[in-house]
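Below are two complexes that have subunit A in common, paired first with subunit B and then with subunit C.
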Partner chain A sequence: MTQDLAQSEIALDHARAKEKRSDRRALLLRILSIVVVLILWEIIGRQYELFLSYPLAVLQAAWEVLVVDNELLVAFGETLRGYAVGYVAAMILGTMLGYLMSYFKVLDVALGPYVNALYATPRIALIPLLVLWVGIGFGMRFTIVILSAVFPIIITVRDGARSVADEFLDVARIFVAGGWRTWRTTILPGSLPYVFSALRIGAQRSLIGIIVAETLAALTGTGRIIQDYGQFFQTDRLLVPIFAIGFFSIFMTGALNFIQRRVTPWERR
Partner chain B sequence: MTSDVNRSRLENKTTMAGSDDIVRSGRTGEPLLVVEGLVKRFPRLDYPVLSDVSFEVPVGGFTTVIGPSGCGKTTLLRIVGGLENPTAGRIIIGGEPSVGPARNKTMVFQHFNLYPWRTAIDNIAYGLELQGVSKEERRSRAREYLSLVGLDGFENHYPGELSGGMQQRVGIARALAVEPELLLMDEPFGALDALTREHLQTELQKICAQASVAILFVTHSIDEAIYLSDDVLVMGTKPGRIVREFAIDLPRPRWTYDARAEPTFAETRAELWSELEQELSDADSNEEP
Partner chain C sequence: MTQASVDVDTRTPAPAETGYERIPFTETKLGVWVIRAGALAVVLLGWELYGRSTNPALFAPFSAVVTEFVDMAIVSNVLWVAALDSARAMVVGFGIAIPVGIAVGLAIGRYRTVEYVLDPYISFLYALPMVVLIPLLIIWIGIGTPARIIIVFLECVFPIIINTIVGSKTVNQRLLDTASSFCATERQTIRTVVIPSMFPYIFTGIHVAVGAALVGMLLAEMLVVLRGLGGLIVTASNAYQPARVMVTLLVLVAESLLLVGFIKWLRRKLMPWSAEASARTA
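For the complex of A and B:
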């Protein structure tokens, strides 16, 4: 038996070591791929400067708009403020409503139609209405972020909470857990992977929402700046905020993945 | 401290078995569990899943329910556990009617049902946690049961890092840690390979000798039923009912000799087989075209 146990531990260790090795190889490949693409872009981009620009020009433009003019940082700051406040609100509201709707059938029946309808409607179509209601400043950013993020979060959390296996609920019942404790010890941990999926989806949707809203209706912000650079054919400058948004989105997903790994250590593959 | 007491009780039992007086089991005469006229119907099923099932499990006894698949033995166990309601009939534990889940009974599941988000020790402590036992005490009690099932050194492993056999050891420890009077086991070794299975059967007997608990066990393995039980109840299907009871006359503890090679074992085995074969052919002839 002891030998059995020792062997299973050794096997586990081997598997982890192997995983690390393949991780390193994947990282190397990724870096190589990025370098190749950058070089190709530099060569081809110099031929079609208006349409493609090229990495070195974009870098120089980045230096100008970020450090010399400082205009991009101001725009980012404005976008980020609306995004952060809206996303945190959507996160709290969406997770709470998702769990409540999964737990109380009455609530699900009452609110379900609105949630589903608003989830299915492209929230971007609401932007003109929002301009009317909350103007074109912080209020609109905040509102569009909530509207973009909250419905996918509600639906994913609700479905996740419902998907917690009966076999786990049986355990809670056999050990005589009440409603609140069943939720805390069984439904909550069992649905955490869904919550993180929900938060990732929400982060992406609200980023789309806020950029589109700024492009269409704002006088300031990242979306506005992209629009401006585009109109003046400043392709190299135009690409700076686009990359920044991309990096920010990757950062959000990465941060959420990092937190998820911390919060759900049993999910380590 | 408790384990000391249990161990001395275990030693007593062993020495007694060695003397001229053969100890058959840890049970005494009085019933712990009484199942009375249990009926279970499901909507849209024209025959009852359980029809007038009655039996008793004595204090410290080991009773196994065996039967063809679909005979309702798992349903029976879930009703006794309080996870499902009977259509009619009563469950009485320790003289009191028992409705719904209760602290004096727990269950070991076929697929272990360990919480993947809890380490071995926290899985074992789960029942104690729900009972409001302080963190320190439940840790030390959980550790006792962890070592009772032979998993010392694995307390911080998640279920995903344990083999099937080890997971079920945790399942057994989790059920025993709340010190129930009645332990319900639903084909607990059914998902394990043959070797692990036999090994755990022996382990279970040793564990039972230390923890005074009555066991109601469900299986479809005849050998497992005979090797483990004091009494075996054979169930028939459509409707699920008890067709025969066997008392197993093999001296305990059974791991000290080759119980499976005893003539009594073979005889009981043959009798049980013919009984079950009868049930199986009945079930076949009942089958709708």
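For the complex of A and C:
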């Protein structure tokens, strides 16, 4: 039942990955649009400093929190540690389970309903309970990242492994390839685009998960810093981690796109 | 490619009529149900046994969850009050996001200039986890119901926008040519050609947005107002009542599955021809 959901995630993901145009007019309009908005923001923001702040103040705040106090980098480092470890674990666990579920029907039939149900349910609802179970330290970050990323990865990889064209599998069968050989030579390369989609979706989901956990469970880290700046109405400072998180999310997608192009040179988009 | 049920495998060819190849038991209808029932039994038994052996302040066995459910849903009606409260803000935010998302997506997809001007912001906001905007939203509009509605709106509008863009860019060129040969105006073209062929994509966007709307609803309730299902989860865990938390979580699972099921049902009813539209975009 959730194949559909996974499919639509992939559709979305591809739409984003395709966003690339080297049109001169496009570049010009984009830059113009950003410049106009920045100038307007600067002018209006100075009137309503508490609500909007303004670009120069944000830059100054960025200098303060990044270089002078150094607090944002410390917080970001903390978030990143939990994120990186959890994401790698989710990546390994998710792809393995995804391939296993595509190969062993029994496993899919038995686990499928749970994976689907958990995939459709917002995992951030588990955070209060996780506070009781794993505390609010590194364990919390690790757990919430895995929970956020692993289900979309499992489902997308499973569907990807199933979507490998019959012609290729027939070739493998004709050459009497065993299970492992078929997987390595046919299913793995055939499903790589899905795997990368899965990893992109997982990267974004786990970022959401970890920030919510840090905000909700009063951990340290970026989520906490955002919360603090907000509570003290330091709008200029507040906007620094917001932009940082946004650019980090874009960076993750871009990095995965780059690796994907390297790993699957035969897929020309 | 997008077979609906798990017990069909496109990779193995259909069993031959000769009778040499028999379907293994685990792939028959009965087998599937036996496996599922077995898995369920294992899960429930493990849950119950673990729950009985561990600290009751941290984890509740299945039986305790059932009694708690009876208590919350039948004896009192806390659960339904909370669920309704949650649903109200979510439905409003979601309801606003659908037309806005479609309109913005259509404008971006149809007009290059609009696309280039808005695209940096849409891309940035789509990549941004909305939760980081919550403190800013609180500064701007406070912590009332409008904040809840806006958080839900922000969570679900971007998937709809992005899918609508994809949809409006993949309109069949022949249909567009036909429209222009019949001297259709821009409005007529949009109404008779673009929108109908975008429908499947819009539905895909709404499908993704359902999940996002639930996330937004919970975020608002857990971080901003402490009401509804999200509030119930937070207060119950703070009071070390795991059974209460688990009941609420199960209701949430059921709600998610119901909503997704409803969207899929609606899609089948409205567009029986487009069962594979989401697959084609991939």
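Miscellaneous remarks
Everything that follows uses one rule, which is that the second predicted complex is superposed on the first by the 234 of 269 C-alpha atoms of A that agree within 3 Å, B and C clash if a C-alpha of one lies under 4 Å from a C-alpha of the other, contacts with A are read in each partner's own complex, and residues count from 1 in each chain.
To be clear about the criterion, a residue touches a chain if its C-beta (ideal position, glycine included) is under 8 Å from a C-beta of that chain, and two chains touch if they have at least 3 such contacts.
Here the structure is a predicted model, which means the values were calculated and not measured.
In the superposed model, A:176 makes contact with subunit B only, not with subunit C.
Of the two partner chains placed by superposition, only subunit B is touched by A:167; subunit C is not.
When the shared chain is aligned, subunit C comes close enough to touch A:112, but subunit B does not. In the superposed model, A:51 lies in contact with subunit C only, and not with subunit B. Applying the stated contact rule after C-alpha superposition, one finds that A:184 touches neither subunit B nor subunit C.
The larger set of touched subunit A residues comes from C, when the choice is between subunit B and subunit C. Once the two complexes are laid over each other on the shared chain, residue contacts for A:24 go to neither subunit B nor subunit C.
Contact with neither subunit B nor subunit C is seen for A:261 once the two complexes are overlaid on the shared chain. Overlap of the subunit B and subunit C contact sets on subunit A: residues 1, 4-5, 8, 12.
Across the complex, subunit C is touched by residues 1-5, 7-12, 14-16, 19, 25-26, 29-30, 32-34, 37, 50-51, 105-106, 108-114, 117-118, 120-122, 124-129, 131-133, 159, 162-164, 166, 169, 204, 207-208, 211-212, 215-216, 223, 226-227, 229-231, 233, 235, 238-239, 241-242, 245-246, 249-250, 253 of subunit A.
Within the complex formed with subunit A, the residues of subunit C that make contact are 1-4, 6-7, 9-11, 26-27, 32, 35-36, 38-39, 43, 57-59, 112-113, 116-121, 123-136, 138-140, 159, 162-163, 165-166, 201, 204-205, 207-208, 211, 214-215, 218-219, 222-223, 229-230, 233-234, 236-238, 240, 242, 245-246, 248-249, 252-253, 256-257, 260-261, 264, 278-279, 281-282. Subunit B meets subunit A in the complex at residues 81-83, 101-103, 105-107, 109, 111, 113, 115-118, 126-127, 129-130, 150, 153-154, 158-163, 166, 178, 199. Subunit A contributes residues 1, 4-5, 8, 12, 167-168, 170-171, 173-177, 181, 185-186, 189-190, 192, 264-266 to its touches with subunit B in the complex.
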